[in-house]
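Please find one structure pasted underneath; my questions will follow.
Here the chain labels run A, B, C and D in written order, and each chain numbers its own residues starting at 1.
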């Protein structure tokens, strides 16, 4: 069995491990993410499914969200069991960078290595660990503005090369941009 | 790291892998894994012709742009440029309520639209911890397998068309029309059906569907035999596909390949069997695995998968026929719209109806990553919810996005005609790549 | 004299009249764009063409294949007059034909062994 | 013509006649009195003959962008068969194409290539905006999708639905043929926009 059978403490830069919705989320320090990924790959997580960044700017501030109740443990005729309004738990920093890993064995194991970073903080690139991370990281740089140092070719991937701003950030407007190409000559 | 992990006796894989990997070591380009650089000595001799396999090209299956460096006809440099169909799904879905979001994922992978819709709905249901009735689960399995056949048919039709077997296009689209008739009968729309609802299905299954589907299930094996007869011993097809676009198992895993591209390189991995979801653990099917890692093996994997999917559809049909009159959607009033007639009688239903329609149902706070086996490979959906009516963050793991990363590795020393065969065999859908 | 040249003249006239009328008609009915003609001049590079492509050097294998085609195609053309007059020439013509073909066969085997046919 | 014709009806578009066979001749036909004269002697103007010829083999350009491209492919398949209109030869180069079917959503990054391809097509050329995304940006109003392809190329026919059924696209094509035969000039002449 693998080194982490008993728990994730052995991972370099380990902060905490959490089980939710049937998934394990291991929080790792930002500086140690490269070492942690290498250790995880040697342990059997040879497959990197996805790298994704989430922007938590304005998380739970405006009170729009409130958790009223789920499908379990609730009876329509007893409103008291409706569950109480609660604001979502605050997040340590603005951006969360998650690496979804998969070990291709029987029984299959999935884990999410997560590290937290603020505006302007950069992360070591894991292209050397999994070559597939090349485009994933370029996409996160392009859409979220996360800096990956050590990435061989960090440039915009999906947006036009001369595009300003990172569209998927919460402070980026959604509306259509003025048309770059007007009818008139 | 074993190429094909050993299995217990109960394993359903009975295609043993006996062949050696197609090449030793790794062919992933050193500097940048996704860009094939022109060798230095050729660069100096300005014999290199750089052409744009551009966004509007008949054989790039959509708006993919390949900047190709040619030395004569040999491809010596390749750089894939994507983004010409970037539609900003993830930003747009953050503005919509959960109810409205369900119709967006279909447009991402517009060939495997039913599977794309499924991955989003499964993720939301897992966050909600809602229990989906059995009839809905079986019907979802049936429709997703029909969708897999539909997607592989389009792959086969267009790839064969590009390699000269033009009649394959008409054969494959004849079967595709039958499948679209089935979709139209059940959901009312040919493509982008929006038939899966959070909690089950949008509508019940109409009567005439089972005999029609049975007719399709009986006819499909004959159609598959026609295709094999047309292509499998066709010298031109074998010449153009065997030994072209090699991808070893180690490179395939390192480049994150999944689905048919991975199973054609000898790695025995299929989410339907190794991480079962829906009703795949109660259905018997085989997972085809070939170790050649070339264009021919990817075509062979997809052909066998179509046969297996037909068997799955058959088994689903037999189960569904015994489930008439069973509920087809969960009855959790906080999430699922109450039936119409109930609105006239019960006040609570009216309130629930009003709340769900105006503000949208709420999903408990949390983040989740759900992965399913779409026709192209592992299609994942990463959801973050803040407990409100709108998703906070949606991200789709696109198998086509990763498949195009392997173009630089698969090229090897192909000539430009092989480049078309390789890009066709990776079966990348540009909507899925650019999201 | 005119009589025996008449069919040739009619054929010649037709050969000139038809293409020239096509060209004339295309000018007559063509609608020229008034503006944005730059895009019309630059080559079609799947939509992302920057401008005139700078002349590129082609590898010699294209030229070689063209020459080989010429050689073996003209060989067939030379056989036409022979075929027309074969019964007049009789056995003498046939033996000449064999010499001609054998020489070219030797050439074919040479280039085949040299590998000029591999692409 | 007294005033500059602005509406399609002013050009005497007789498309209603197909859907409404009992409708009498339009004002355009009454004015010229072509109703019986033309049918009796089979007269036609050179212009009409050329227009008739142009609609009989209008070759579309394979401009497949997104999901609508899949439905565009299926109108070439055996069930819907665009060959009945002489249009089954989907040309990949704009030089040989007459009709640009923009099938799918147009991102800003794709706007420039689309525009260049439209300019490289030879006159007379037509554009069909297939599907909601090409006609109006569809359900994507965000930073990357062009809100309707008529902002960069003059469009002749807008085909709704998402994706349009092959029958819907064929209805659009038939309307285009009919409009052209009725004398309606292509979009770039009507709105003096592109050329």
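Just so it is clear, a residue touches a chain if its C-beta (ideal position, glycine included) is under 8 Å from a C-beta of that chain, and two chains touch if they have at least 3 such contacts.
Quick caveat: nothing in here was measured; it's all calculated off a predicted structure.
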Original post:
Chain with the smallest distance from its CA centroid to the overall CA centroid?
Top reply: B
Subject >> Greatest separation from chain C - chain, by CA centre >> reply: A
**OP:** Write out the two chains that share the greatest number of C-beta pairs in contact.
**Re:** A-B
**OP:** Please compute the C-alpha centroid of chain A, do the same for chain D, then give the distance between them in whole Å.
**Re:** 46
**OP:** With chain centres taken as the means of their Cα atoms, state the distance from chain C to chain D in Å.
**Re:** 39
Subject >> Distance from the mean Cα position of chain C to that of chain A, given in whole angstrom >> reply: 62
**OP:** Averaged over CA atoms, how far is the centre of chain A from the centre of chain B? Could you give it in whole Å?
**Re:** 23
Subject >> Per-residue multi-chain contacts in chain B, two or more chains >> reply: 54-57, 83, 86, 88, 91-92, 434
Original post:
So which bits of chain A are touching at least two other chains?
Top reply: 159-160, 167, 172, 174
**OP:** Could you check chain D for residues that touch two or more other chains and list them?
**Re:** 109, 112-113, 115, 117, 141-145, 194
**OP:** So, with touch as defined above, which chain pairs make the list?
**Re:** A-B, A-D, B-C, B-D, C-D
**OP:** Provide the residue numbers of chain B that touch chain C in the complex, in ascending order.
**Re:** 46-47, 49, 51-57, 65, 71-73, 415
Subject >> Complex contacts: residues of chain D adjacent to chain B >> reply: 61-67, 69-71, 73-74, 77-79, 90, 92, 104-105, 107, 109-110, 113, 117, 139-145, 162-163, 165
Subject >> Interface residues, chain B side, partner chain A - complex >> reply: 1, 5, 7-8, 28, 31-35, 82-83, 86, 88, 90-92, 94-95, 126-131, 253-256, 267, 269, 274-275, 330, 332-335, 348, 362, 364-369, 371, 378, 380, 382, 384, 386-388, 392-393, 395, 397, 401-402, 404-405, 434-435
Subject >> Interface residues, chain A side, partner chain B - complex >> reply: 20-23, 25, 46-50, 52, 54-55, 59-60, 64-72, 74, 76, 86, 88-89, 98, 100, 102, 104-106, 108, 110, 112, 127, 130-132, 134-135, 139, 143, 152-153, 156-160, 167-168, 172, 174
Subject >> List of chain D residues in touch with chain C within their complex >> reply: 50, 93-95, 112-117, 119-120, 123-124, 194-195
